[in-house]
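Notes follow once the structure below has been shown.
Chains: A, B, C and D, in written order; residue numbering restarts at 1 for each.
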């Protein structure tokens, strides 16, 4: 069996890659995609953790809490992406750009 | 405690009336002032006059009808206090507290205020914001009287702040001129510096003593039953240190409010307000509130804290006096004089002269208000504040001159005038402090005597330049005229107090027999400077408490006549020198100034205090930092980024060797590096969301490393 | 596991009613006057206002104490539910004079507001990380929309896009953190996590990492350093009612969750973090204080002011005592009134051209003495000048902090920053009273706005002079956290 | 066999993720991302989370990514605006430090996690938990989706339209 740590290292690598994507891409759509990647990595960690938790002594089985949480993450991510993309579209329509570096008029 | 001059409910009602009446007047005037006949000045004046009647009634009841110096009345002791907050974790009842000191203070404040209200009717006549002026003035009286009658430190602080707001409003009264708004802002800010320290002191005191009610606080100090402060004890703080620390912090409030060095810079600027305001707030009452507070909290101060108070007071007395020497603006001279006199009071309190310091507070209020109103009368008449424009005015304004002269003599401390009795006591106390403690402790005495000499000198300089000699400005002289009766009468009243407030005109009266000394009992700790809470077995300078007390009494007795002789010498010297330089012109002042060259310069520049805080100092530093960062961001950063962009293109064009990614990386690196520098300083607000994220994450990581 | 429906409604009564109200609003919008702008908007606004006020009033009938596996309704939760409802009502008040500027979305604005309020109320009852996460996202996602609510306006979109990127990223961190907390403690429930944490001598690094990541997510909400960066930009760009709601509601969400986590979940273990929290508090105060000085835009200025208030809240959080928890609750309420009044004044003075430059308030004292008085009160309260409520709030925070000798330096520092902050609040007052007006047009104040302003001003006065009832409620709320 | 599959799909997931964030053309990014999510779904299967594996493919790879692709097509960026990674040392530093801290966290998970358990994420099991213990957040998500719809409609409207 694969040790829990390996799952976590995998999810950590993917999470960090997503983080790099957020910090290194200028296209707002790519930034949003990278955030989805991070969420996905977190989901993997949740499911892995759930698999490796000891069973509840009362029932003798492990509750699928982590998996349920992933369910919520996916649903929330869908809503978040919809809203974020709507705002990105508005940005494109109004300022003709999707580049986050171009959106820096509010400062200091 | 059992016998009272009044029944409890009457006293409580009177206390309420004292500050509710002015507040109601202020409220009415601010809302309906313009609709009332004469702008409602009669209402405000009647309000404060009725307060004066109440205060005087109390005063006579206390002296004539009762006369016991131990008299003190706390409404809480009779179950008359209100639970402002009452929870398990937080108890804060509030009530009234009256004793001889507060009754005398009330009488002084209301009498002076009434005179000034009358004077203002003449002085402010025709001003477009006439009702607003009286509204603010009434508001100020509300806060000031509230400050005197409350029975706990937190409420004193709240009224203290309200008084500050009143001062802010009144200094900035002429808001359409350039100077007053700046001065009012400065006054408020400088005061807040002291006030937050005061607040910190209050919080620590609360933690330590467990209550903020005066009576209860002193009871705790006496019994030594301090509140639980295990946490503090663990951290290595002992009670004595905490008492000293919180005492000094509480005194910091007085430093700013009473214009003590180094937070005095606001007071001269505050003269930008109307002259009656300067008389009421910045001479007689508000600035004296600091002294009053120190008097109220007197048993709380440990010997070390009192030493601190002495030092600050002595410095202020001297520095204020020196600055008074060189000013040409009549009000500025008086402002520095006020500052110096407040220093005297603090000095007096610090060296154990509890009675002396507070007595001076009362007498000074009368004659300094008279001086300010007199200067107001002069300014009203010649429309200038520069003494070089004045001169020979005694012919044109005889009554102003007479009252002014009386007040000047009182301020100088010439025997038989009110200031003599109080100031002489301070000097005597300072001398006996030196006698009791050793050579180094003579410094306050020396400062006090030198200050007395300077005070006399600059006051007579002022009198000679303004009222004697030849007119400085012929045109202004010709148009000068005596002020109307409504302005002159208050001057006369105050001048009478300038003679009478001492209670006697016998120049050799024993200090113990003066009315104030009889009425205001020294707290038991005063003689040894607040040692009560340390216990009777504590030794002071190697002597037992009892012996020390005896020595102190003895020294005070010994000091009386030497101090008197020295200060009279100083006064005579001051008058003669002023006469020689400014009346007979036997010595050229300019030559003297030249002789003292650099020193004169320093004094003229107000010891550079303002520079230290202002544009060149703290505030300026902040503003400069901000501007510098903005400039750096806009010019240097963008410039460098642009330059690097150019360089990048140039290099790529000329050599064609560098991979675009390398350069890109370099530029990015450089941009990030420079931005890092400037952004951290300029609050990281580049507007670029990716930068935001990077910096935030960097912060998170630093946080994580700190925690791990 | 069976769920007890009646108990569920006992705990989540407010949320259920809010959900219902939101649905009713959507239906009303659809039914009333199709194709016209003002008809549905007025109907929706009136309904939303009435509904929120009714629910707010009803919340005072509720008794704290109901507790179940799904959530908790202790005094603390109830206190914050009322707080969020009041915030929503006030925000509607701020939005009313702003409505014509919301153009196409004016009818939906109250509905969205009701839904975020639902999320906030849900959060105050949360006792597991699942509810926490979902509630937080409900709040955040709707706030994204409300920030970008005027897509014709470049600054509104800019605010929206920045908010989205930062908010979504913080959500990702939060989920990751929750995963680690879950993995190292075996549960999402606060009580069980707390049991695991306090059973261990020292926390495993994985759990620490998880908790830290969760705190990162909450730090963004609170606006504490180093998570404060988005605040000025988003505050400036978002429509003013959104900013008002963000400044009070979103900050309070951070507060409510941080308090639950620090006081209940971490419990005594949080004591090790005192120094770090104190350091963050000091930095936050510094950033807020220095950042506000050069500002010339009202909302941006209030953003920085909000950062320094977050600093004060952190001072209380670092103290970790029941008294300090009570102080926090008191603090947020005073902040609510002062801030809402300020934003409503901004909406009114910038009515003509939607410009929020500080010039707008120059000479306000002559144009409208009432507005000037309200703004003065609110600024002085924010600055912490007695006798306004803000003073007492700061006083309570500092009094609690002084009991902790290790924090005396922080108390001194926060007082220092309070003086600094006074400088810029006074600059605002100077503009109100001592400058000539740039814009001399007539300022129209509707009856409702006047009422709201009056209410806020009176509250700021009243809680400055007579705090007893509020302090009592705050202490009750705080003590239920420590049980 | 099972272990080997983990490493295969794990490597694929990392690879596709990397390709996603570095592709210059957003369309490629989206396609790589779908592949990355598909690998995740396979990994979910290995963790016995069958329902989630299906949901991952349906919702993430299906719905969300289609949304992304749709927007990318709609915006139709000019090729010149395509750009790749903007590597900066600071970001690399941040990422590496983060990874380091994460590694420390993973190395010390405390006493709670044990060996793999018997948990199988069937639809029945997940649904039962979802609709009992987590019914409140479930309802909250429905509100969230509703408000997202409401809000996006407002944003998409041109001004003046009702």
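Keep this in mind: a contact is a pair of C-beta atoms (placed from the backbone, for glycine too) under 8 Å apart; a residue touches a chain by one contact, two chains touch by 3 or more.
Only a predicted model underlies this, so the values are computations on that prediction, with no experimental measurement involved.
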Of the chain pairs A-D and B-D, which one is connected by the greater count of C-beta contacts? A-D
State the chain with the largest centre-to-centre distance from subunit B, centres being mean CA positions. D
Between subunit A and subunit D, what is the gap in Å from one C-alpha centre to the other? 5
Find the geometric centre of each of subunit B and subunit D from their Cα atoms only, then give the gap between the two centres in Å, rounded to an integer. 66
Cα centroid separation between subunit A and subunit B, in whole Å? 61
Centre-to-centre distance between subunit C and subunit B (centres being mean Cα positions), rounded to whole Å: 39
Going by the touch rule set out above, which residues of subunit D reach two or more other chains? 86-88, 91, 94, 98, 101-102, 104, 106-107, 109, 112-113, 129, 133-134, 137, 141, 144, 148, 151-152, 155
When you check subunit B against every other chain, which residues touch at least two of them? 630, 683, 685, 687, 689, 693-694, 697-698, 704, 708
Two or more partner chains touched - positions in subunit A: 4, 8, 15, 18-19, 22-23, 26, 31-32, 43, 48-50, 52-54, 65, 68, 72, 76, 79-80, 83, 86-88, 90, 100, 103, 105-108
Thinking of each chain as a vertex joined to the chains it touches, would you call that graph a line, ring, star, complete, or other? complete
Could you list, by residue number, the parts of subunit C that touch subunit D in their complex? 1-3, 8, 12, 19, 22, 26, 34-37, 69-71, 103-105, 108, 111-112, 115-116, 118-119, 122, 130-131, 133-135, 137-138, 141-142, 144-146, 148-149, 151-152, 180, 183-186, 196, 200, 203-210
Along subunit B, where are the residues that touch subunit C in the complex? 83-90, 157-158, 161-162, 165, 172, 175-176, 181, 185, 188-189, 192-193, 196-197, 199-200, 203-204, 206-207, 231-232, 234-235, 237, 619, 622-623, 625-627, 630, 683-685, 687, 689, 692-693, 695-696, 698-700, 702-704, 706-708
Along subunit B, where are the residues that touch subunit D in the complex? 661, 664-665, 668-669, 672, 676, 694, 697-698, 701, 704-705, 708
For the complex, which residues does subunit C have touching subunit B? 161-162, 165-166, 169, 205, 208-209, 212, 216, 225-227, 229-230, 232-233, 273, 276, 279-280, 287, 290-291, 293-294, 322-323, 326, 385-387, 391, 395, 398-399, 402-406, 411-412, 415-416, 418-420, 422-423, 426, 430, 433-434, 466-468, 471-472, 475
Of all residues in subunit A, which touch subunit C in the complex? 4, 8, 15, 18, 22, 28, 31-32, 35, 38-39, 41-43, 45-46, 48-50, 52-54, 65-66, 68-69, 72-73, 76, 79-80, 83-84, 86-88, 90-91, 93-95, 100, 103, 105-108
